[in-house]
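Residue numbering begins at 1 within each chain, and the chains themselves are lettered A, B, C and D in the order written.
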């Protein structure tokens, strides 16, 4: 499988890392979409048999490098955190359907929670590159978990929410989705935990803004062959189980059903 | 690869089917082939086994459906599939692009009548080379597992299906039984043309933070390298006892693993979980199998089948 | 370790026995304790389970008796032991040095009368706190496995042993059965005081160079992390069904693994293969279990027992 | 478990390595016997769950270091071969009963085959240190597998046999055990594959020379608790299964029974 070299591995905060590696595909020849993910083996050992999905956070087309930003949340990501520049890692991707960018849009609202924030960075970059204005709202449990705020601020205003009020405003991201903010937006793009996405979906559909949700499910294969990662969607009036790895992770918010 | 590898004959006969090599993806670990085809030319495969097909469409179980374990994984997909009519109309025709690759359709259901109806439907399809009866899915209530754990029920099922099948019928057995040989013999006597062993082993993982089973379904099926010794033992015991071919499956990650199953008595092998870890697992395993034969002076892979017990006598 | 750990109550009651913590070495994975005693003070243990004891001395199987597998190992020791008289005379008295540690003697045999005779003999020993009936050893012909796979035979065995036993009788079940709950219920109804699950899973490894099974015995018992999901599922199913305590065993390597078994419904746990990898496994697992409780605000480990199914109702 | 630092890792030949590491026990305070073994985890991964037994080849008391010499013969030793100076490895030992040195002996005959040769080096060293003369016979399949010949030659004469005659004399080690050579010897010490040990035992008992055999069996634990590694011995006229890890690996040749 595609084995690529680690270029840089930075610590962004407690248990938070940015891993940059040679892209398994030629970025000049192949466009990669924000919201797509990389599927990474954290070790050759059978102790970590399955790959870990991590969102594309930055694509450096010039140097043909990709960056993922991840939080150490279990043994697998802990193992990944030990990789050093020059090490080889086994990476599949970018995989899946990312966030579509619509030509006619002028203003995009980006909404991220926790480890759902990283894909918003490449998204903001590509949105700006196609001339749209970007407004971002991100939420975290607590100040210690903040990430990528300055990087996102390069592309537009960033509002920060924390559950405990230790940074930005106290409250959930939905509290920041004021009528004012949303009236302006042609479209929203959200990535974060299920509870957040569900709340965002409700809030924004109430406000009549169309958008996209990037869903998170446990994956077996990441390439659409195990049917492990499904999420219910309404298609043609019928309930279906879509594969988040191949039909998603990004879905039109209208079709996503939260069970 | 080197030139001398052309000397190794990897082909095996399985029932009426000629397989150019003994390696095929396992049911449920390859979907219907479309996705894998973006990674390699499926023509290299010995055969293809597609996902379990039921009479009606099934949405399967809620998520999480998969969990990682030491050298393995648990799944509780719950037989999600579009139903036999759509499988025949939408999925199987795409595999005509690989005319040298027999297509085996895995069939599941709740009652004998379901199985019979699905097999009847499939028997009209030009795209089906053989049927694999999945009487061993541990992940759905009434999902066939009762047929897989009672020899009389299994035999009745096989007999019923054989009356309508126009293709060879392979029975896929569950390892979750006291006496695998008894199950195998019951199926053989009822007319099974071949056996596949093993399906997944029932297992569970508890989420320590949530303090409840990690899979939404509670338990799931254990697969991967962890179960290889269980599968090898069952293939060994069954293949030396029955007179129909056995297809081995469980934890195959490398060519050496495939060879181990052949030595244990399998005529062909299926690769499941490995496809998730490495989308190129099947072609790699085929290459490694050939390479092993070259290095060990094996001219035809058929020489290896069952050697581990043939040497000791039966 | 830190000071607040004194706050965690790790003790559990198992039958009439008070265990200062739920962790004990598993039978056959600790010999009779002498060797481990050179690594640490056995007083830290919740209990000790000694190697299977038979009526007469047994030499066991030829070698190789062990083989490594993915996240596991196979063994086919074949019940080597010096026989019950010498066990009582030579092995058990050494454990008097650890008066706070109950000693559980694992008993194996071929016929019901063997088991009864061994239990009778052990019932006269001051060094025995409980009996663990091994009706599940997969590695000897007629080694008890038939009792472990037939609920009626198991029940008959338990009844016969209970008539002579003056100590609590724990029955250790084999996972190699179609219906583990049926086995458990049969033993409970026959008077078993507790159950241990699971013994090893039957498996095999083929030596590719020799082209025959690697173990001299052919098949062997699979243990280690590979089987943990199988054990967890059985402990979960059985403990929510029966009314006697269940001791969980299979693949425990860490404190988190021990916690997983308690959540699944085990009242205590046994550590087998881990002792081979790390002679200090048991004391380490006890420390890690305590540490986990501290970190999760658990005051008494008894709070955790069976929580994974209690939450869902029975 | 005792984790010790790798001091040096040399390649002695194709797939043949000498690994030197800090001794897990203080060698000045604890005598270690030639013929004892170290039980080494080749990786933390469960893919290699069991430890690998490797014989003590050299004990450097002054620097408190131990050396094992091993051949890569499978995946575990291949993994071990990747360890570099400074790495930590998990080592138990030295374990088991080694070769006893008898005060009254004057001449010792050392017999080794293949990967049974390494323990003879520390043995030769200790025998010489206690004033005995040492004569060594070693056998290999072929010249490419020769090991430690010069090192052994420091302590006495070394006769080399190869199966294919590509180095030394052609033939098995037993062919070198001439009446002349053996007449001199007070005792022999042998380590190698079973077939060799069995032939040596027969040959030497015929010649009336007492000796020791170091046996090789697959081990579960290495510390006497799994009863996996047994070998039949005759003790008090009774056949028993002795643990090679704890009662051995070195046994009085008289008591060893080859099944």
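Everything that follows uses one rule, which is that a residue touches a chain if its C-beta (ideal position, glycine included) is under 8 Å from a C-beta of that chain, and two chains touch if they have at least 3 such contacts.
Being a predicted model, the structure only gives us computed values, none of them experimental.
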{"item": "Contact-richer chain pair [A-C vs A-B]", "value": "A-B"}
{"item": "Rounded Å distance between chain A and chain D, as computed from the means of their C-alpha atoms", "value": "57"}
{"item": "Gap in Å, rounded to a whole number, between the CA centres of chain C and chain A", "value": "46"}
{"item": "Interchain centroid distance [CA atoms averaged], chain C/chain D, Å", "value": "36"}
{"item": "Multi-chain contact sites of chain A, meaning residues that touch two or more partners", "value": "46-47"}
{"item": "Where chain C touches two or more other chains at once, by residue number", "value": "70-72, 224-226"}
{"item": "Touch-based graph of the chains, sorted into line, ring, star, complete or other", "value": "complete"}
{"item": "In the complex with chain D, residue positions of chain A that touch it", "value": "43, 45-47"}
{"item": "List of chain C residues in touch with chain A within their complex", "value": "70-71"}
{"item": "Touch list for chain D against partner chain C, complex", "value": "1, 41, 46-51, 76, 92, 217-232, 239-241, 246, 259"}
{"item": "Of all residues in chain C, those that touch chain B in their complex", "value": "69-72, 74, 149, 176-179, 201-206, 208, 211-213, 218-219, 222, 224-230, 232-233, 236, 251, 256, 259-260, 263-264, 304, 307-308, 311-312"}
{"item": "Residue ranges of chain B touching chain A (in the complex, touch as defined)", "value": "28-31, 34-36, 39, 51, 59-60, 62-68, 70-73, 75, 77, 80, 224-226, 253, 273, 275-280"}
